[in-house]
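Below is one structure; the comments refer to it alone.
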Amino acid sequence: MTDTIDGRQWVALIRAMAEAVVARRDYLSALDSTVGDGDHGVSLAKALGEAARQTTALGDPSPESALHTAGSAIQNTMGGASGILFGAFFMGMARAIAGRPSATLSDLAAMSAAGLSEVQRRGKASRGDKTMVDALAPAVVAAQTAVVESQPLAEAVENIAEAARLGAESTKAMVAKFGRAKFLGERSLGYQDAGATSMSIMLSALAEGLKGEV
Amino acid sequence: MSPRAKKLINRPDMILPEMLEGFAAAYPDIVRLTDEGLIVRRTPKAEGKVGLVIGNGSGHEPAMIGWVGRGLFDVNVPGEIFTAPGPNRIVQGIKATQSSAGVLVCVSHHAGDLINAEAALELARAEGICNADMVVLYDDISSAPKGREPERRGTAGLFFVWKMLGAFAETSGNLGACKALAEKVRDNTRSLSMALTSCIHPITGQLMFELPEDEMEIGMGVHGEAGAGRARLVSADDTIQRMLPPILADLPFRAGDEVIVLLNNSGSLTFMELSILYRRATQLLAETGIKIYRSWLGAYATTQEMAGFGLSLCRVDEQLKALYDAPANGAWFKSVG
Amino acid sequence: MSPRAKKLINRPDMILPEMLEGFAAAYPDIVRLTDEGLIVRRTPKAEGKVGLVIGNGSGHEPAMIGWVGRGLFDVNVPGEIFTAPGPNRIVQGIKATQSSAGVLVCVSHHAGDLINAEAALELARAEGICNADMVVLYDDISSAPKGREPERRGTAGLFFVWKMLGAFAETSGNLGACKALAEKVRDNTRSLSMALTSCIHPITGQLMFELPEDEMEIGMGVHGEAGAGRARLVSADDTIQRMLPPILADLPFRAGDEVIVLLNNSGSLTFMELSILYRRATQLLAETGIKIYRSWLGAYATTQEMAGFGLSLCRVDEQLKALYDAPANGAWFKSVG
Amino acid sequence: MTDTIDGRQWVALIRAMAEAVVARRDYLSALDSTVGDGDHGVSLAKALGEAARQTTALGDPSPESALHTAGSAIQNTMGGASGILFGAFFMGMARAIAGRPSATLSDLAAMSAAGLSEVQRRGKASRGDKTMVDALAPAVVAAQTAVVESQPLAEAVENIAEAARLGAESTKAMVAKFGRAKFLGERSLGYQDAGATSMSIMLSALAEGLKGEV
């Protein structure tokens, strides 16, 4: 397994994320349907598909270019609050790796933190508000822990994905403060947040992708 | 009961482009469809006047593609069904106005619409477009309590903003004055909506929400967002009696005020029902000494085939009356003037 | 699936009077409600012009109460839901035009409308009113074969007659010329309607007809009358492909003809769907070399919340084009001119 | 039992017809619902109620005035094709007894024939078209037979009612040629016509009313 991730690898990872979401499209839409409008899987799958298509077309891009292209494609294909926020995640990551040929684990930790911060700048949600932040924030913590503990990249990305998965699961116990679900108040309790779930799916795909030597 | 699984479409992912193509073909004298998928006024407004742009999720037709035209919007940036368009597309919309006097991006307050407009203005500034501004509009009293108005969402009462701002910008070259006018209308408008039935999301084919046979939801959003709560289904008169007093108390509207009343059909309500509802509203307003200047009953912002309506009141002075009465010519909204 | 048992009314037997009261209160500048329950134009047309009256069952709003006004009808005699008004009421309507140049009673061909209009004209003559005549109008190709046109029923295509005749009578003092114009429009108009779902009769609370989940009915009447037959539900494009060719063949419309196209929403169809349907119609018309002069997509004659639409074409010459484009100002139909 | 029917008695008979139809309102609407629009019972009940109210208000009218008032009330309250036709039935009867203080059996036969002829002049339906004519026409024949056979009025009206009942029943085997049902063609087979049924109910109420010495 590689211990840095270059532009081509990022393109392959974006494709892997797209595939993972496409495979779980109906599940994600179903999650969104009880408390949202039920379109999350369909629209994220379409947006990531477009991101994969556009980044693949770049040929041999820098990590920044690959991630920025993906973010912009997601924002403009997906639209809505979630489109701009998923896009912001990629664009935040892009900015943190600007001008560099490949990303190390410590870059990955900085990139995910930058992605989170961009999501929060736009979306204003904090942990506990039952959004994608509840999957992403623990993943960022896990990445930073991995850096401190000098974990190998393979182990690190698994821990990152696992943290996101637990974070997504934890949203079941939360009352929504953002998105359509917020108008339901207490009625949103018991349901796992769709955006947190898809964030966790994407991070798992990243871990799997790296293990599979993209 | 009632949501309609059968829809006359071709493929879910082609709804937006096919709708835009058909719409633009039907009204070539009023609008044109750009290569970027924007709906633009066929005859641009006079040189030196402020351009009006709105981006919004589709699926609410006649809003907003039907509201592009003389005395209304210059450009509409239609997003996917119920999904605000991304920032690049809004920037394209700003450019498409070709207005030298500035562009006002109008935002019906929903998270997606707001965040994308903010990002679009950042992008526009980065591209050197400096005479663009945005105004955030809301009217739904059910979505946040009095005192926290800016947290409220935009619903059908924004009809008044679009109509009056459209008339104002037709002759105004002052971006700040346009924004102030929009805020003035907003701050004199209050709305509350209800639904009898849910509807089917045309892309997912799924129900947008569930509503039992003997209940209604009061405080409904324009995308099937839940409202303040469920209530037992009551008569038309009792429905108005439940919805009008909180609207009046919120502004508050007072004896002597003049108002325009909107009953917006959210989809499959009939004009028959709207008229019966309106009758009770006039009786209650007469009792409170509030004077009705004009009324509009019809479908303006819909949620697919959802059966329900929004009740909106706008307090008007002489300026707003004149703007309301000014001519307008959109494909799906005309005012004879 | 889909018919809406929940209706926002008070009492079934009060639907008509309450609807009329609410409607007239909403548009005091356009119409007034007489003690006899007639909807009459607020500002009568010029002295010496022909008066236009139509009696019809209610429940089809915006038709016809919303079509009273400048450039449209002078008087509407609204009957109970889906039931033509009786002869005395039509005679009241004839009198209410107060026209010295004569009165044309317009009949959308259905048994009830026809028999009551005939009886009304007998009554009027017995009362010494001699300058009233009637014209029988029809457009639905599904209700009788070619060659037996006068047996066909009136559906949404009569939109063209009302619009053009309304504009014509605004300046005509010649009763015979008005009747001839109405017949000219009728004889150049053909329609076919379809439904995806049934609807609930607001008085009985019962389904008007049954339609399985995977079927549609082509050749639907405006009161839920069965059509030429059931068909499997197909896509929007295929629906148009099935409906347009028989319309074209019937007149027949030919390459080089200019037409106005109407897509009439029967109730709960969306503008989204109408636009997608229209797109395919333009493609097919382009293939046949028929030129579209204008189009109108929207709800004009509805059948409660029935989901469906009528496709109508009217072949136009210079006279009809000018009449179509003339200004009109009804409560629920405006033409900016 | 009386052997002539004066104006007051006609008023009472109109009331009896109204009561009979009101009592069977839902049944009549149901008959109308499979092949029609399901409003027949509701609208005929309302119209006959109005006819009863207006004729009762006349005090001591002539038979002509009672029947004409009833017909006009039905036409203008009920509307539609059936309203004008049920009204025409009463107005045809009224014309046939014009200027006379009361009706004998032979008058009744002439009146019902005049009612039928007025229904047919307006509605253009013949026997076999599956309309109210299929109940009324045999009733007219029965009335004429009763005159020829010099039946007592009590027996005559029972025969008239029975003929109408059989006539209404016979519509089950007919394909509709008029009214909404005509658009169904063969699909209208097997259903009893609503208007024929209510005509038969009204004639039965007349027979019962006369037996009950109105």
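Every chain is named by a letter (A, B, C and D) in the order it is written, and numbering of its residues begins at 1.
In the analysis below, a residue touches a chain if its C-beta (ideal position, glycine included) is under 8 Å from a C-beta of that chain, and two chains touch if they have at least 3 such contacts.
Bear in mind that the values here come from a model prediction, so they are computed numbers and not experimental data.
*Asks:* Say we pretend subunit C isn't there, which chains still hang together?
*Replies:* A, B | D
*Asks:* Both subunit C and subunit D are touched by which chains?
*Replies:* Chains in contact with subunit C as well as subunit D: not a single one.
*Asks:* Can you compute the centre-to-centre distance for subunit A and subunit D, using the mean CA position of each chain? Integer Å is fine.
*Replies:* 77
*Asks:* State, to the nearest whole Å, the distance from the C-alpha centre of subunit B to the C-alpha centre of subunit D.
*Replies:* Roughly 55 Å, centre to centre.
*Asks:* Averaging over Cα atoms per chain, report the distance between subunit A and subunit B in Å.
*Replies:* 33
*Asks:* Return the distance between the CA-based centres of subunit B and subunit C, expressed in whole Å.
*Replies:* 29
*Asks:* What parts of subunit B, by residue number, touch at least two of the other chains?
*Replies:* Expected reply: no residues.
*Asks:* Chains as vertices, touching pairs as edges: which of line, ring, star, complete or other describes this one?
*Replies:* Here the contact pattern is a line, an open path with two ends.
*Asks:* Give every touching pair of chains, nothing left out.
*Replies:* A-B, B-C, C-D
*Asks:* What residues of subunit D sit close enough to touch subunit C in their complex?
*Replies:* 29, 33, 37-39, 42-43, 46, 72, 75-85, 87, 122-123, 178-180, 183-184, 187
*Asks:* Taking the complex as given, what residues does subunit B use to touch subunit A?
*Replies:* Going by the criterion above, the answer is residues 12-13, 57, 79-89, 110-112, 115-116, 118-119, 143, 201, 203-204, 206-208, 221, 223-227.
*Asks:* In the complex formed with subunit C, which residues of subunit B make contact?
*Replies:* Interface residues on the subunit B side: 1-10, 15, 18-23, 25-27, 58-59, 61-62, 66, 196-197, 202, 213, 216, 233, 235-237, 239, 261, 267-280, 282, 295-299, 302, 304-305, 307, 309, 327, 329, 332, 334-336.
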